[in-house]
Structure formats: C-alpha cells, structure tokens
Amino acid sequence: MPTRIEPAAAEPAVVGQQESLRQRLLDCRACTLALIEGLSDADVTVQSMDDASPSKWHLAHTSWFFEEFVLGPYAAGYRVIDPRYRFLFNSYYEAVGARQPRPRRGMLTRPAIGEIVDYRRHVDEALSALLAGPAPSGALGLVELGIQHEQQHQELLLTDLLHLFAQNPLRPAWRTAPDAESAARQQAWAGASPSPADATEAKWVGFEGGCFEVGDEGDGFAFDCERPRHRVVLVPYALADRLVTNRDWGEFIADGGYRAPHWWLADGWARVQAEGWHAPLYWERRDGAWVQMTLCGELALDPQAPVSHVSYFEADAFARWRGARLPTEHEWEVAARAQPIDGNLASSGRFRPRPAALDAQAPLRQLYGDVWEWTASPYCAYPGFRIAEGAVGEYNGKFMCGQFVLRGGSCATPQGHLRATYRNFFYPHQRWQFSGLRLARDCG
Amino acid sequence: MPTRIEPAAAEPAVVGQQESLRQRLLDCRACTLALIEGLSDADVTVQSMDDASPSKWHLAHTSWFFEEFVLGPYAAGYRVIDPRYRFLFNSYYEAVGARQPRPRRGMLTRPAIGEIVDYRRHVDEALSALLAGPAPSGALGLVELGIQHEQQHQELLLTDLLHLFAQNPLRPAWRTAPDAESAARQQAWAGASPSPADATEAKWVGFEGGCFEVGDEGDGFAFDCERPRHRVVLVPYALADRLVTNRDWGEFIADGGYRAPHWWLADGWARVQAEGWHAPLYWERRDGAWVQMTLCGELALDPQAPVSHVSYFEADAFARWRGARLPTEHEWEVAARAQPIDGNLASSGRFRPRPAALDAQAPLRQLYGDVWEWTASPYCAYPGFRIAEGAVGEYNGKFMCGQFVLRGGSCATPQGHLRATYRNFFYPHQRWQFSGLRLARDCG
Amino acid sequence: MPTRIEPAAAEPAVVGQQESLRQRLLDCRACTLALIEGLSDADVTVQSMDDASPSKWHLAHTSWFFEEFVLGPYAAGYRVIDPRYRFLFNSYYEAVGARQPRPRRGMLTRPAIGEIVDYRRHVDEALSALLAGPAPSGALGLVELGIQHEQQHQELLLTDLLHLFAQNPLRPAWRTAPDAESAARQQAWAGASPSPADATEAKWVGFEGGCFEVGDEGDGFAFDCERPRHRVVLVPYALADRLVTNRDWGEFIADGGYRAPHWWLADGWARVQAEGWHAPLYWERRDGAWVQMTLCGELALDPQAPVSHVSYFEADAFARWRGARLPTEHEWEVAARAQPIDGNLASSGRFRPRPAALDAQAPLRQLYGDVWEWTASPYCAYPGFRIAEGAVGEYNGKFMCGQFVLRGGSCATPQGHLRATYRNFFYPHQRWQFSGLRLARDCG
Amino acid sequence: MPTRIEPAAAEPAVVGQQESLRQRLLDCRACTLALIEGLSDADVTVQSMDDASPSKWHLAHTSWFFEEFVLGPYAAGYRVIDPRYRFLFNSYYEAVGARQPRPRRGMLTRPAIGEIVDYRRHVDEALSALLAGPAPSGALGLVELGIQHEQQHQELLLTDLLHLFAQNPLRPAWRTAPDAESAARQQAWAGASPSPADATEAKWVGFEGGCFEVGDEGDGFAFDCERPRHRVVLVPYALADRLVTNRDWGEFIADGGYRAPHWWLADGWARVQAEGWHAPLYWERRDGAWVQMTLCGELALDPQAPVSHVSYFEADAFARWRGARLPTEHEWEVAARAQPIDGNLASSGRFRPRPAALDAQAPLRQLYGDVWEWTASPYCAYPGFRIAEGAVGEYNGKFMCGQFVLRGGSCATPQGHLRATYRNFFYPHQRWQFSGLRLARDCG
C-alpha cells in the first residue's frame, strides 16, 4: 500500500479546507472503531495466518501511523502514551526501526482492547487540536495520507476477520445477513446442475486502440505508485460487461478445471497440487450443495453473485479455459474512467458481492465495488516513478516485485477511497481478499 | 499423560468415600477456574506455539473429558450443551473421532470464555448430581482419573500461559512477586562474576546398590504407566542433595558450554545450532545482567534458585560438563520414597523455583516441587504393561517413544498430585515446562 | 524457454535450405557432445540443486525433444530405443505425461553416459535420414525449434556444471584459464581498497523517447514470447556504456549495501537475511582478497570484469544505491538493435566475463555476451500473444509469472543464438546464471 | 556405531596374533573393494538421501578412519596423500574439525573413484608396513576397531546402494538373483489371498525369568556401548521361533493396519499420514501382485521370506495388532547367547532375507542374519558406561538418544562381525536398513 511522494505539494492552507479535513479525519477514525462493534477481546486479538493481522493491531497501527508521521514531527508537546507501541505497531518501516515480527502480531494479548481504544482517543484528540489551530506546514498532506491509509486498513480488518472466523468450525458471523429469503432460493444449487435462465448473461463491450494517458491526473489525492501520468499504447480490446459469477465458476469446476494442468501457469499448477485447491477459498460442500463462509456466517452460495476469493492463478486459468484473458490494468483504467465511481462498496452495508443489476445504465456493470478485479499486469513502477524520501517512501515502492495489480475495489472498500487510477496489489497465490475477475479479449 | 488401566478395580462403594471424592472433584474444578482470575478474554484464547494450548481450551477440554468418559456413559439423561464441543475439545483421542487440529486451538475465539465457564458449571452440576446419588458402577474410578487429569492441565495451563506472556515485549505478569526486595539484591549478578559465598553448596548423598521393586504399590491412585510394579537392579550411586542452580548454570555458559560440541548429544548439538540456544529459555541479558521471564513478569535472576526451563539436551550436556550424569528414573524413585512429599508446589503460591532451604531435615532437598527433574530414562513401558481398552487407553501408552521421564513435580504442580512413582515425560528438546535437574554419579 | 507458435509458417521447401538446416543441426548436436569432454561419468550425473540438471540429463532431454516432437510424428518407422526414456527425460510437458520429478534427476546413475551417447547417435541418424529425403510437411520448423532448444540447454549445461563444481571443496576446473598471468595481477585486490585508475569508466549514452515497435520482425527464427511485434512508448532515457564491474560491486559491499534494508525490495531483503547473502554467488574471501569460482576453477577476482551471478534483487538494490535504475526490456531492445550481435559468447572459449574493451566502436559496449542483463521488466505476454496448440505450447507461456526478463546473452551463450528481441527470464532470487546488469536512468 | 573405550587394553603383543590381525585387515579391505565391482563411477558417487552415503564416500571414509586414528598417530613418516581428504571424509567427529556436510556428500564427483582406489591402496600399504614390524603400543586395538568399523560400512554401503537403485525407474540390479525359478512360483501372490499351507508356522519358545548378566564378557572385541556387563531382571517371556514374514505382513495390510490409528504410537501415526505409508519400503504393486526392489533388482515378493525394510513404528504396530509385543534387547540377548552365530549373512551371497529353514536344530530360527530385529529397547548407556577420551569417544555415546536397539544382524552383515551382545541402533522412522522383527510376549 502506497504513499504520496510530496505530501506537502497540494497543501491548501485555506481554513475551510482544513476544517473539512479535520471532519473527514474524525469520521474515518470513528468508522474504524465501529467495525469492531460486537467483537470480543479475543476476536480482535487472534491472528489467523501470517498474511493477516488482528483487528486490534489494525486499530493500533493506524493510530501509530498518525503518531509517527504527523504528531511526532508536527504537534509541539505531543505526549507519547507508551514508547513501546512504536515497536509493537510499526508494520514494515525499516527506517523507523525494529518491530514485532509480523507472524507474531497475534501474541499481543496486552495491551488490552480498552487500552487501544484509549490510545486511539488520545491520538484523535491530539490530531483534532493540531488541525483546529493554524496547521503546521507539511502536516496536512500527511493527515490526508493517514486517512487513506486507515481506509485501506478498514478493508483489511474485514478480510482478516473473515479469515479468522472461517477457521472456526462454529462459523461465527460478524453481521447478520439481511436477506434470509434469498438463502432459501439458492439452497438447491449444486454447482453445475441446470439452473434458471441467467438474467445477467455477459456481453462484450469493445474499446478502440491507440495511445492513451494513464495514471494520476493530479486533481486530488493519489498514491505515489499511480504517478507519474504517462502514455501507453493499447490495441483494440473488449471487456465483459459484468464480473465472472459463481455459476460460471461452478462450470469450470464441473469441467475439471482444477485437475487439468494445461489451463494453469506452472507456478499456479504447483500451488493447486501443494495445497489441494479444488474451489475458491471459503467454498464448501454441505449435503451436496455449495455453501460459502461470509462476514454474515455460512450462507448458501448465490450462483448469480460474482465469484470471490480466487487467486490470480485461478483467475488466469479460468480465463484461459473460457478462451479469454484477463485485462491489463491500463485497459481497465481507460475503460473505467468514463464511468461514475459507484457500486456495492462497504457503505452498502452488505459486505458480500451481489448479482449484477439488470437495469444498469453504464456499459460496464460492477466496475467499482463487489470484488477487486485481477488484471494481467504485474505491479511495477510507472516510467519516471521515484520513491519518496524517508520512511513513507517504504509505503509502496518496495513491494514492486512478484505481485499483480487489482482494480475497482470491493464490497469492503470504504466509500470515497477509490478512483479510476487506483492500483491495489497482491501476490498471485493470495485468496483471502474479495478478489474476482472480469474477462477480456483482443478485438479485430 | 497417563490413564488408569482398570479404573473400576479399586472402586470403593462406601458412601463417605464417594462424598469425599465429590468434594475433591469440586475443589479441583474450582481451583482450575481460579487460575484464570485476572486474565482477559484474549489472554485465555491465544495459542503461542503448537506445543501449548490456550487457557480457555484447557478449561473446556478438562470439562469435555468428564463429559465424554463419565457423564456420557454413566449419567442418565445428561444433556450435551453443544455437540460440536466434542470436535473442538477432544485433544488426541483417535477413538473419539476427528478434532480441531492441535496447532489451530488458538483460532477458537468462540465459544467465548463466558460460554466455557457456563459449560464448566453445567458439567460440575451434572457430576455433583451423579455423585450425590448411588454411583453407577465404573464411574468413580473415572471421576478420580478426571481429577488427576485436570490437575495435570492446571500445571500445563500455567506453563502455557508463561510461554504466551514471554512472547510479549510488554512482559505481562500473571501474579505479583511478593518479595520485591529480593529483586534488588540480585540485580548485580551477571552470570559468572564472583558472587557471595553460596550457602547451598551441593553435597553427594550415597545409595546402595541391589535389587529393588519400583512402580505403583496399588495403595492409591496411579496412572497405568506406573504399573506394574517390578524389580530392577541398581548399582551403588549418589545423588546431589539439591538441584542445579542458576549460578551453576552461569558457570556452564561462561565456560563456553553452549559452543562446545563435545558435551552434547548429536541431536542436542544440532538443536543448539539450529535454534541458536545460548542460555535457558526465558533468560535474557538486560544491561549486562541476567533477567528471567516468570509468571510474575520479568525478574532479576536469582543465582541460588534452581535452574529451570532447560531441555533434556541441555541437562545432559551440563551433567557431562560437570563430570557427572543424570540419575535414572529408578535411582530417583528408590531414593525419593523414603522422603515426605513436600516442597515448593503450586500451593505455596510462589509459582517460581526457590533456593534450597539451609535447614532441611531430609537428606535430599528440593525433591518434590520447584522443577521437574530430567532423568536419563527414556519413557518406556514397564515389563508387563498393557494399554487399557477403549479411548482412555490412548492416555499414556501411545506416547512411549522418543520422550524422557521427569520426576518430582514443580512449583506449578498441584498439592496432592504427586507420588514417588509418578512419571512425567517430555521430548528432549522441550523447554517450556518447569524443568531442571539434579546431578548423579556412580559410586564405588 | 520459448517455442515458435506456427513452426511451419516460414518453412522453405527449397532443398538447399534443407541441407543447410541438416548441417546446422548436426553441428549443434556435436557441439553439445563436445561440452562434456573431460568430464567423468559422475560429473555428468550428479544434480547439485533442484534448479539445476545433470549434464547427462541435458544430453538426453535434448534428444528426447527431437524424438517426441519430430521423429515420432514425422519419421515413418522410427524405432524408439527405450520407451521409458519418455518418462525419464521429459522436462515439464504435462501434455506428454508423467515424468521423473525434477529434484530427482540426479538419481539416474543408469542409463550410463555411454548409453546416452548411443541414444544421441540413434536420434542424430534418424534426423539426418529424415532431412536427407523430401522433408515431411511441418517437420522443418520443429527441427529449427529443436536446435534453438538445444542451444539453450548448452548454456544451462555449463551453468549447472559450474554450480556443481562450486559445491566441491576441491574446486575442480572444467577448462584451463588461458591467461594465468592476469591472476597474479589481481591477487592484491581486496574489494574496496584503492586500485589503479579504471580505464573503463562508465559513460551515459542517451536515447530519445517516442513510440517504438518492439518484438520479432518475422525475418528469421524467434520464440513465441517475442511476438507479436507491437508498439510501446518510451520516455527519454540513458544507458551506461558498459556493464557494472566487480570493482563497482566491491564498493557496494564496502558501503554496507548488503546490510542496509532501504536499498532493497521487501522480498529481496527477506532473501538477504534468510540466506545470509553478503556478496555475489561464487565470491569468497581467501586471505583477505576476493576469489571467484569459475568454469576454470577458482581464480582471483578481476575488478574490471563485469559482475556476474547476482540476482535481480541484488541488481535492483545496486542500481538504487547508485542513484540509477535497471533498464526496461524495451529500452534495452530499442538501444540494442542498431548494434551488431557480437561479443564475448561461448565461441570465444573464455567462458568467463571479460573487461570492457577500451577501443570499442559501438556506443554501448558488452551489449551481447559476457553476462545476461537483468531488466526491470517482469516476463509477461506481449499484447496479442497466444499459446501454441499441443505440448510445445508449454514451452514459454506457462512461465509468465513472477520472473524477470534478461537481455543480451552471456559468455556461455552459443554464437548465432541471440537477437535484439530475445527474452530470457529467471526468478528474481536466482543467481546461478551468468547474470549481471547495466545501469539506466531517466533523461530530461 | 560404536568404539572401544580402551583399545590398547587387550593388546596382544604376540607376533602371531599381529600377523593374523594384519591378514584380517587386508581381507576386510579387499572385501570392501569387491563390493563395487560392476558399479559405474556415477553409481558410486550419487547420494540418494541425507541418511545414505555414496559408495565412494564409504570407501574413502573407512580409509580416512585408519589414517586419522592409526597412521597419523602411530606410523612414523606417514605421508598424507591429500590434506583436504580430512575435510571431505570425516563423518561426524567434531573433535577432528569441520567437514563436508552430510547431505552434500553426493556433490563430490571429484576425487574420482580411481583416486579413491589409489587412496585405499596407499593406506593399505602403510598399514601393512606398520603391522609387519614391531607394532607401536596402542595401534593394534585401533586397527581392530578400524576393521569392525569398516565391516559396519560394508553393510551400509549395500543398504545405501539399494536405496539409490530403488529411486531409479529402470530398477537396476547390483547382483543377479540366482534362483530365477522361485520368482515364477511367487508371481501369483497378491498379499492377502489364500496361499499354500505355510510350512514355517511360528511357534512360541518360552524363557524363564530371573536376574541375568548382559553385555560384553570381555573375551574379544566389543564396542564400548556393549559395556559394562551388568545385571538385569527379566520376567518370564516367550519369543517366536522365526521372524515375521511377508505373508504375515500382507495380512496386516489387508486388515487395514496402515489405516487404523489405534495400533500405532502417536509419532508413528503422524509419520504414516505425513509420508503416506501403506506397505514396507520397496514394496510395490504391479498388475495386482506385490513386487519388491532388492539388490538383485525388482523381484516378486516371497511370502515366506522375512519382512524387511519396516520401521520401528511399523514393527511395533504390527506386534500390537497381533496381540504380542517386541522383545527387549536383553530378552533377545539372553535367549540368543545359547545359540551359534550362524545364518543368512553377507557371506551367503544372497543379499536378501530367506524363508526360515524347516529342519533347524536350534530352538530359535533366523536369530542371526536375514534382517535386524527391532527391539522395544531405546538405545541407552549401560549402567557405568563411560565415553572414551578423544575423537573415538564420539563413536557411539553421542547417539544415545531417540534411537532403538536392533539385534541379530542381516543378510548384508559380514561374517564374523556379530555377537550376542551386539547393539545396532536406528531412529524409529528409518526403513532403509534390512530391518524386520520377531514377536515376543509375556508368560505366566
């Protein structure tokens, strides 16, 4: 996850803008805290795998981020609550120093959640005071970065929590599914059996080739990895007008997709065999039908909803099996920027992907929200990219190796966090995010 | 950990004895619950390594043990609170069926600790009712086994908790050290530097050779692995009259003991190198002096206290370096049975090993309590040993491979749990128990 | 390593061309056999790591390739010597079937090297006969592919052999270093100490930006991954006129490059720590000076020769430390195509990188040969790339994930094998190839 | 494998004895060399797993042993051929210094086998000269130790070679099976199907209990671990009069023995699952019948021959399934010492276990030779055992942890190497030795 190169650059000294920033900050902070409503001290403390972090850690780390990068440098007289938190809640900033090893974040039963909530309040008060007066030069851009950073962790908190609950045979639910009736309808679906006509049949939408500018236009916040804006050449292509669905995926499974090496990248096939993959993460068979672990507990699988929790390896193999391919990140961006940033985001309160609407106005449905869309593009530096000075320079640049770009956000992404140029990235074997795919193909 | 072969054999049908059993049971159960006083929901849920279990799991597993082996078979109309607990809280009984994998016990943030406390109360009430009336045949021996089993888990709960807290840079304390003054005195000790004359200089106590009977005499409870009683031949030997101390161990370190392969078993040396051992577990240097993580948090190391948290490999290497050896389990047993079962057990409330008394009456000091004493004896079946029928047969027999016997109990062992024939056992690399050693040598 | 999509496409039916192909084939086959001159049966059989293969296996596998893809389909009446060879010598073609696991290729002490030489002769005779008569349709393109494939294995045979010999404390030499005198001169060099003025100081050569066509032009053999030719946008850039040298690298080491996380990608830093990297592979300190294992045994390190056997992670970190970056593969290709394909290749008989010439005519020295140059480009499909039908489709496409492109060939690459569009690829942690780097930077 | 504590102690200065020792030495050395007849340079160089060593390494190591412990200290003016051999061919003697890591012994394609044969001759000549004159004090006992040591390696060379050849799908044979006809007869046996009446039905032979002396009596060579002689108590027991056969084992398999956890030790069951054990090592199904890889290549399994290549875990599980147990090492020794040391040893030239004779005179058949018999006894120090001074002290003592004793020798053990007190030892999971079992049970 990325940082702004010169946070001070776009700094608006206007008082009204500063007050608006302060309000957005406090809203964002409150929003994070609301996510742990209903969770126990144990729920927020346990770490389910190396890739995931405890909710409590997310709460503390996002506070530490403001303390380290804003309050320490800019808030005169700021009192650090506990100097050891710098060790405990630094994520990966080598320049800041030694830290709790990532795989051992779940060992921290202390400080207790109450202490972390106090810590957050302490940081909030200091930030609020800082922004209430004449803001020190340089601080505002870093506050904005801290908000964006915290929004990223809001999403991670949810995907990490889902992973934790999925380890528990009791299948706990974080929130209640509001539409219990739909569950009934779906219970008969067993993966590849005939099913009612699919109202959301995918259509291809064509795009012209040519030379295009991609990357941040500079008219608002963007992470450093979205810059600099630069030109790329695209050849004519088409994108599916909706995401690949669970029903589509069931056909891949039924056709032996997980047992046929020729659809797979060599590294993907090795992973399929080593880990015994035979369906997306969180799918399980119960009494002959598919169920899926979700943030609302275990539910019957909705065949019309977008498939989620698939790796790049699976997405790539599926596309090849369908005679298609994944889009590049720039094909996606050029196609997306004409459409409004709207969709099934965290603000919908659903926290699960939903079937594509039938009455959509925009040519491409489900472009934002639902699931992050794997692209064929390795996560690389744009031409002319430079890593920022200091610790924030570690935000994005050092991860530009071995990962693939995802676009479009998911049902766990906060409203207001996305844009057409936004680049998310994960390793090709990772599956615990809300990650799915949209098909692409060459034209002409 | 061991089970009784024919639990029904010694069954006393007398009403008074049954009432006494009921009282001991309820005391034992209350004692377990008292151990988690002051711990948070998170503290009792997290698992710090594969070998350790969460406190909550210990609380639930010991209850499940009574449910599975006593209430299910003997308590007519017993209502199971949740059938899924059988999966969650079975430890290793293959005959009972599938279960939560051991390394994933810490994933169970649900059921919450409150539900587990309710579960315990439910089981306690059913057991109490069962024992209030005419006891069904066969149940009493299994209740006794359940008590002994729960006492073992009381000790494990503490050693597992210590391991968890030792992972935390905040060095949490479970209980407060009552003798803060002693900490001051010790702060100057740096391991091998000259120190005040040691009042507890070890002396050799000799024992005659001959043919001896060892193992359970049948006059009370014993685990199956302590039987049958049988004859062994011993040659004349001597035992040190006290345990090896931290001061002794500091000399071993200062002499390069952890860097000299010739003191070590081949497997031990491989472990030293692979894991970078250079001191007992929980020892750390702070400002040039040794400190030690304990159940009372991090304290200055007491040079006169027995060394603890050493592996068999370390104990064996130390003994060789000293020109001595570890005693066999039968040498220990024959020497110990003449002495009273008394010492620094959990009932002392200290929960740390303490220096040997200067005014001891018995020839061998610190025989019971303080630390489990590694012996040179692999954990094997006694001649004529038979594994019990059914699931309880898995209690001890299937672990008779690759482990070594420890004798004497520790500062975390409950009062009343020990006897001279008691055999504890761990793998030679394990260090998280209160494990230390007493030297032995050949005589004549 | 790559295959041609439609091998039959460019097929020239002219007899003269067919005879020339036959001659090139036999020359190539003889060349492979010459590589094992002086090696023992043991030398050609042992496998030194999973990534490497025994020389004998290379000899057999390249023969099997012709048998499987040319002789089987096209040579009527071809007699298979041993049907089990299909299992033993298939590399990774899932479509062909099960095979000897890659990490167990070194277990094959039988068939003996003599039998493999017979196998080669049998295949050569059949191929020669096939090409002597009227060639069956489709066969010629596959023969060409087989030659290119065998040339790739000639290079791998040497790098694998070097790795094997580097495991041996006796430091065996495959060939004798012709210039023993140079060894003497270098013996005093200790890495970072002052050294005689470097006659080969690097200079920057600038290139204009714009829209360029890259990829195979279709006028000769090319692998499928070099196609289709397509347009890319480049911004103005500069390339160093020579490769990074051992002397340069010594400065990086002396400046603590291997101990400073801020120069490194996160995955690279993890690798540095896990494997204790502190210098390129094959560098060792002897009596205060650097020596290097080579195909001519252990030699004093030549500070003016190009650094070799560094991973992508190291190359990337070095470039960042120097305030530069790696070139993209297309920057390299556009710059390279104006220069002749010439340099220190296998045909020079040196089999080690050599210092840059002082009197070079071309603007970029050491462009071909010496060491493969890591580029900043992940190995990906070009726009419009399609995987070929059948088993040969597995040649390149399934490896397009997680690897980086290298350009320019090495001192172990056969003459005639390279071109400006050639794409080699390895994982970013791999170091056993002749892999080095040339610096790049942005302009204007 | 073990060393004599005070090799000089029993030294007979008599000239005749010395000449006899010299002759035995040269015979033993020639015998080792004869083992590699028919093997290629590759065959003797490759290492098939960490536990095994290349034949060439065995040849060199046994020579180094004489060089290090006899020639260096006792042969004035002895010239070391290559000082680097000390590094290459030291096995595990920490006191001698650093050495080629065990898992990398197979990397040594140089020195070539010819050089090793020269090395052997050089050592033989020096030893012969040393023993021809007046022998220096202390040398004779070490020569005797070297002979015993080399005999142990003769057996290991064969078991390691068998393991190597078993990795090869071509199923190479070291020697030809002389009794091809027997193969035909056995081809129909499929494991658990009815078979002709077994003429070698096992019978129980009872032994009285009491107090017995065990261990070396001091009347010839013995390893240090066989000493000191000491008393043990045995209770009445019975031993089967023959080894467990392949037919017996087929019944265990057919009864689901490899799928039923209750027969297994916990560590054994974990191993069964982790490695997918379902039959002894080297058993495979071909066309519905069992075949077995042997030193004579792949042969039909002989149901009447003793089962071989089973681990302790398997032997123990089998015995439990049969309602029996493994004998202790002392039960075996007391029973064995009344019988002659005779059986199917290496000198028979069969190199495979053979069915028990029907006309045996001795009460216990197959006591020596055929397969090593797993005992229930962990490999421990005898009371009063002391490790010898110096490097030879590492021979046995440092392995006394985690291994089990095997008794009786195998079809690969040299004639003259065994005695009733002989203790072999391996880890409980190891299967590549000729290891089988004889059942025992309690009496009375």
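All chains are identified by letter, namely A, B, C and D, in their written order; residue positions are counted from 1 within each chain.
By our rule, contacts are C-beta pairs under 8 Å (C-beta built on N, C-alpha and C of every residue); 3 or more make two chains touch, one makes a residue touch a chain.
None of these values were measured; they are calculated from a predicted model.
Q: Need the graph distance between chain B and chain C over the touch network, please.
A: The distance in steps between these two chains is 2.
Q: In this assembly, which chains make contact with chain A and also with chain D?
A: B, C
Q: Name the chain whose C-alpha centroid is farthest from the C-alpha centroid of chain C.
A: Relative to chain C, the chain with the farthest C-alpha centre is B.
Q: Where the centres are mean C-alpha positions, what is the separation of chain C from chain D, in Å?
A: Here chain C and chain D have centroids separated by 47 Å.
Q: So the centre of each chain is just the mean of its C-alpha atoms; given that, what is the distance between chain B and chain D in Å?
A: Roughly 38 Å, centre to centre.
Q: Pairwise, which chains touch?
A: According to the stated criterion, the contacting chain pairs are A-B, A-C, B-D, C-D.
Q: Going by the contact rule set out above, which residues of chain C touch chain D in the complex?
A: Touch residues, chain C against chain D: 40-46, 48, 56, 84, 87-88, 100, 104, 106-113, 164, 167-170, 172.
Q: So in the complex, which bits of chain C are touching chain A?
A: Against chain A, chain C makes touches at 92, 94-95, 211, 230-235, 261-262, 264-269, 312-313, 316, 320, 328, 376-378, 380-381, 383-384, 387, 393-394, 398-402, 428, 442.
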